[in-house]
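These notes are about the structure you will find just below.
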Amino acid sequence: MEILLVLGLPLLGSVLLALFGARRFAAELNAAMSLATLIVSSLLVLRVIRHGPMLVGHEQFFVDSFNVFLVGLTAFVGFTTALFSRPYMRIEEHLGRVTPGRLRLYHSMYQLFMGAMLLALLTNNMGLLWVAMEAATLSTVLLVSLYRTRASLEAAWKYFILCGVGIAQALFGTILLYFAAEQTLGREGMTALLWTHLNAVKGQLEPRVLGLAFVFLLVGYGTKVGLAPLHNWLPDAHAEGPTPVSAVLSGLLLNVALYAVIRCKVLVEGSVGRSLPGHMLMTFGLLSAVLGAFFLWRQRDIKRLFGYSSIEHMGIITFAFGLGGPVANFAALLHMTVHSLTKSSIFFTAGHASQTAGTQQMDGIRGLLGISPTIGWGLMLGSIAILGMPPFGVFASEFLILTTAMREHPWSTPFLLIALGVAFAAIFSRVQPMVFGESDAPPLPHSPALLPVFVHLAMVLTLGLYMPPALAEWYRAAARLIG
Amino acid sequence: MVHDLRFLLILVTIWVVLGLAGLLGLHSIRLERLLFLLGALVAFSVAVLAGMFLAAGGTAQVLVLPLGLPDLPFHIRLDALSAFFLLLVGVAGAGISTFAAGYFRSGEGTAPALLGLQYHVFLASMAVVILADDAYLFMVAWETMALSSYFLVTSQHRIPDIRRAGFLYLIMAHVGAICILLSFGVLQGGSWQFTFDAMRGASLTPFWATTAFLLALLGFGAKAGLVPLHVWLPEAHPAAPSPVSAMMSGLMLKTAIYGMLRISFDLLHVRLWWWGALLLALGLFSALYGAIFAAVQTDMKRLLAYSSIENIGVIFTGIGLAILFETSGLRLFAALAFTAALVHALNHALFKSLLFLATGSVLHATKQRSLGKLGGLIRHMPWVATLALVGTLSIAGLPPLNGFVSEWLLLQSFLFTPQLPHAFLNMLIPLGAAALALTVALAAYVMVKFYGVIFLGQPREASLANARDANWLERLGLGWLALGCIVIGVLPQLALRSAAAVTGTLLGESVRPSATVWWIAPIASGQASYSGLILLLGIVGVVGVAFVLVRFLAHGRVRRTATWDCGYPWQTSRMQDTAEGFGQPIRHMFGGFFRMERDLPSPTDRAPRYRIHIEDRLWRGIYLPIARGVQRLADAIGVVQSGRLSIYLLYSFLTLIALLIFVLL
Amino acid sequence: MPTSHLIAQVLNVLAAGLLLISFAMLSRRRTQRLITLLAWQGAILFLSTCLVAHSSGLSEIYYSAALTLMLKVIALPWILHRLIYQLGAQWDSEPLVNIPATMLVGLVLVIFAFGLAQPISMLATTITRHTLGIALAVILLAFLMMITRRKAITQVIGFLAMENGLFFAATSATYGMPMVIELGIALDLLVGVFILGIFFFQIREQFDSLDLHHLESLKED
Amino acid sequence: MSGITFIRQLAEVVLAIAIAPLFSGWIAQCRAWLQNRSAPPLLQPYRMLDKLFHKDAALAMDASALFRATPYVLFGAMALAAAIIPSLVTDLPLARVADAIALIGLFATARVFQSLAAMDIGTAFGTMGARREMMVGFLAEPALLMVLFNAFLVFGSTALPDLVDGYAAHRAAVDPSVIFAAVAFLMVLLAENARLPIDNPATHLELTMIHEAMLLEYSARHLALVEWASSLKLFNYACIGFALFLPWGIATHGQDGGLPLFLAFAALIGKLALAGAALAFVESLSAKLRIFRAPEYLAMAFLIAVLGLLVHLLLRA
């Protein structure tokens, strides 16, 4: 029941907004629909916590503690982003960067995107998962190109082609998976694509096929995760799209893509053993972390900067999943959570910052504390959090990841050390002058809504100092599932 | 009986609460004053508790808080070592907070409420660092400490140099923190327990132990300002408001010492003798380096910052000796060196904070930081001058004040190094003692320069004439610290007894605190001994007698006349010897250390000007190359993002092929 | 049984044709010609799907065959033709660098694909198992084509060719995916092409050309 | 402490204070003889002190309290040092107050006070003198420490009474390293007491002087105290030297009673006479060094001391 609502509400919302998206109350409607989704999905979460995993709709939908926590996270960030986008898009409209018609597209696509992601999370069918991912891609392509500027078109085009090709690889991987499953499960009632069934028989699946399948799936979904060297679409898309979209892209979409990869990893591990997928993930992770850090060093555009930082963090998370084991998986899940909370809040503040300064070029943004302390402190605290300074939660996960790596794969720690150090120097040396110093920019036409920012940061802070036992238990369960 | 620990926790929380309470009145300076005073009170009670705990013998107390990571709740532990450092923090903190209550004015950079918040969080985090008993809580407190102090340093963030200093400070702190983290990662040794207890239990091979030790050395050395990791220190300390400089230099550096001791003497069981040699060498080098650079500074706060590097070096020398002795089984001497290090840490906390605070008062009174524009303040600020004199004499290592005690102890422990069973080493280390002596004497040189140029002589600027003395709160703070210097100097037994509890628990051996109440004889009564008390009484007595006799036999008539001008009546106060002049012999003798650029006026100049700029060779030698390297690498990597879609597709294609081949093989 | 054997033979022939067309696509310069080739690919897919349906006797494969016919043979090529007419791009062609080299690379890819597919297709029970390698080859060739092309439309064509390869793989290796999935895939494909259509116009009005070298401003410099 | 020891202590201090100027006078006389000048009378220093004590003190306008207190501090420090150093007898109640290292510290205190006082008025010469004095100080200290290190290695203590008793215990054993140490100590003594070749006590040539430059502003009783203190300092150094290298005759533990005391007194006078003559001789032979040659001179002293140390370690091993 909840599941139906969770999936239905966003679709309904997108339809409604496709009709009334241009109206005055569209933004509020958007927020309201997201709120509804949030409520329903939290009901779902509660239910799963109480009764454990559930399998519904002819086994087409499957909820366990791994994806339900992502569902909750997605719905929550979706809601806060909707809250943020209300004043933000107003200001954009006021600045004449978007027309009401575009706003209609924006709102409806926003809901569609949320729907697609939730579907990708909830479905039990690997094929459906693929379809949902593709749908998410398509909807975000339109969102990225919202401004219809040369740059945004270029970004959208690259995004489309790269992710399209990637997703095609994923499809081939899925086909191979199906092919392998057929050998054992047969094709009665097309159960051969259901993750639960595959998971049940993963021991008997043909390792050679699954090895190949994993390669294609990894390249495919990895493109959407933004793993180097498949990451090239990510900074452009983050920089050129409207800020709320950047927020959900790096806050949610990357997580969902990574979720897909991990689901596949679980299956593959069952048949080919740990080392192959583990090493692939670790290599990708380290490469992304280091490359991302060095890219950070040379950024001038604020949103691009944080786009690359997303690459770096996705790398760290992937690395952690590659390490495997209860501690590392726990850390990775925690890092997914805090990263999406922190990063989205950073994008909120970054968006308002560039609006106040009238440019996304960081040289043009100065003295935010002087203009609006909330924006200034938001950006400062957010960056500090994302850089893994305690007592923020990002540190908690990095603590676990680093210490685990130090014992299990000491060779990898120098790379992580370099990545973290360079990233710190790069981001902080850019953020400090933006927040501090003098400025003479005028205040914004509409008052920015920074409540979400501080809510997110407060949550991250809490996670760094105290984790509710329920949440911890939940993470542990998820970590166990991933194995 | 755990309530010492409970009390301490409560006190720490009170600090945080005080900080938050300030937010009630964002700009009311009155409220902040009150809060700072309360903070001082809390610090004082922390000191008292810690002292009582040490006096009681220091049996460890443990507590687990329902916070932190799910599998890793916050553990806290109070044992002799942590109690000693808490004592340090409390005593010095009380003075600094009192001073701060009188110091901060509104309208200087950050709003007073935020300052108060950051200040008290800084204090609390230091206390937690010392109390922490698991890696996670330790790291959290450690980084919180760095962060809050960073914000305090950049409280006047409109000045670009201050921003630069803050950035340098934070990056060094963060990289250091990562090293410490990795060190913990080694220490937990496969048992996925991050509590210090588990680490004490873990058994490490010498290789891993060395890795842990070196990582810790990197991390804590960066925080303590050990050469060559010191570059942030002379930038950040002057940039901060004076009470903050005092806290950073007096207290924060000591937390690094604490961490070093905790890891190398408590958590690690394996210890190799060459660790000690390494620390010894690094420490002596830092000490000499700091002293030499301090001697040529012209900014009073930079001078003090470099002198901090020197003192940290002295402390590390002590630790190194302790490790050397301990690994050779000479426990008593190890205890002696250890004690010297601890006591010197305590002393440095006292006199360095005192001096930084004094510079704060001077800064407020004159708006001048450059030694070239000060002078003669003893006439306008008698209070500050007198109390600063105490600090100056202490830091110069002169009896009967406290600085001498620790240096004496350290030299005493050096005397036993020939008993070390390492050929060459036991012949080399005496030279180390010589280097130490040189450093100590250099410190005296530096401090004479410091005090003489600021407080003595003629005022070098007309504006100095209307400098006002510190207000009563500031005097109180300064006085408290000065009192501390005198008490420890005169009754070193107190410090020794506290340290004895520490060495007793960590080394199983400790120096004899005192033969009698009169004097200390750490190794054996009848051996080398020292009594600050009698020295003080003696000098005072003789001076008194001499004074009375002179007055009695001769007379006390005084005629005030003009200064003798050597027959050149046009002397002005600008013709006094300057700070640069005072540093000149050092520049001449240790020229190799510096990177100097100076333009000397030619005799024919109409308006001759003399400018000298002195730089740290290590900065250009180590740090700039690193930065350039990263930049180059980043540029090289940037090429990857070429902007051409087909290239990107090619990447994906090649990745795919590569992975497929990888799978095939 | 002989008929199935015969069918297998025919299927292999069709597969070979598919491969041939892919190579042809690699070397064609004219956009229009490419679209035609795409349509041919679709046609071959349709035929092969019908054959598979017939031999396996699974009715739903007929549906997917019909889907193929509608989508890949009729709809998409038609849309593309309309597009290039409206964009006035029907006559334009693009210079290709060093076709022989491309061909050679393609050849290597084919060998690689076969080598990769060899052990797997042994496992397959379907009569079409040998064609899996060819499907993979088609996919990789389409990938190669996308890399070598410099125009938006031709890249899209490459993309669609890749879809074809995928579809072929699905049918040949596994008698096709479950219906739901195929519908979803087809839908996504259609929507994607529509979006692309919109894009073409926008790109054209922004850059008044569909050359990709206009779309190279976002980079690290 | 019992009465007799207390009296003994007091006697020693008084004696030191009394004969310190005589010692400097004696050195001056010897120098005069060696340079064929007509020597000043032996009691000249006392006459000068007396004269100074009865003059009116002329203070610069803005001399601070520090400036006025310093002469007393100097005098006090030196007198206390004299009380600690066993010049006649070893078991003094105050002897345990400070070992040799602490004594160096005490001298350092005096030096710092003197330099600060010199900077107080703010004349160019005062500061220059202070700077040079401190410089000589930090150069001399390592050498001096090495000397004491050596003594410690030989006798296992840095407390002067122990050293003397140690000699008394096995007086035959004269370690070769001691000779090196003695030379180094002599060089340091010359430097620390503003004698040639580092400083010339007899000159007032402004650009070369160190010690005198710091006293320029002092007059009358202040000057008297400072001069007295410096002669006490010289005396103390001499006594340290005796305790370290020629402790013969000093009454060790248990040897109380009249005769040993008298012998010790006689020995002291004799040693002082010889030492004064020797000092004068050395000074007359040596020429004043440029100020920046001072490091080389003291480095030499340091080197010699270290050589002594190494020799000892080698022979012991």
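In this document, chain identifiers A, B, C and D correspond to the written order of the chains, with residue numbering beginning at 1 in each.
What we mean here is this: a contact is a pair of C-beta atoms (placed from the backbone, for glycine too) under 8 Å apart; a residue touches a chain by one contact, two chains touch by 3 or more.
Given the structure is predicted, the values throughout are model-derived calculations rather than measurements.
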A-C or B-C, whichever has more C-beta pairs in contact: A-C
Where chain A and chain C are represented by their mean Cα positions, the distance between them in whole Å: 31
Where chain B and chain C are represented by their mean Cα positions, the distance between them in whole Å: 70
Gap in Å, rounded to a whole number, between the CA centres of chain D and chain A: 79
For chain C paired with chain D, centre-to-centre distance based on mean C-alpha positions, whole Å: 102
Residues of chain C whose C-beta touches two or more other chains: 116, 143, 146, 155, 215-218, 220
Multi-partner residues of chain A (each touching 2 or more other chains): 157-158, 161, 165, 212, 235, 295, 298
In chain D, residues with contacts to at least two other chains: none
All touching chain pairs, where touch follows the definition stated at the start: A-B, A-C, B-C, B-D
Footprint of chain C on chain B - complex, ascending: 638-646, 649-650, 653, 656-657, 660, 664
Footprint of chain A on chain C - complex, ascending: 116, 119-120, 123-125, 136, 139, 143, 146, 152, 155, 159, 162-163, 166, 169-170, 173-175, 177-181, 184-185, 187-188, 191-192, 195-196, 199, 202-203, 206-207, 214-218, 220
Chain A - residues contacting chain C, complex: 125, 127-128, 130-131, 134-135, 138, 141-142, 145, 148-151, 153-158, 160-161, 164-165, 168, 171-172, 175-176, 178-179, 182-183, 187, 190, 193, 206, 208-209, 212, 235-236, 239-240, 295, 298
Sites on chain A touched by chain B in the complex: 157-158, 161-162, 165-166, 169, 211-212, 214-216, 218-219, 223, 229-230, 232-233, 235, 276, 280, 291, 294-295, 297-298, 327, 369, 384, 387, 389-391, 395-396, 399-400, 402-407, 413, 417, 420-422, 424-425, 428-429, 432-433, 436-438, 464-467, 469, 472-473, 475-476
Complex contacts: residues of chain D adjacent to chain B: 53-54, 56-62, 64, 66, 72-73, 75-77, 79-80, 83, 94, 96-99, 101-102, 105-106, 108-109, 111-112, 115-116, 119-125, 127-128, 130-132, 134-135, 137-139, 141-146, 149, 152-153, 156-159, 162, 206, 216-217, 221, 225, 292, 295, 302, 306, 309-310, 313
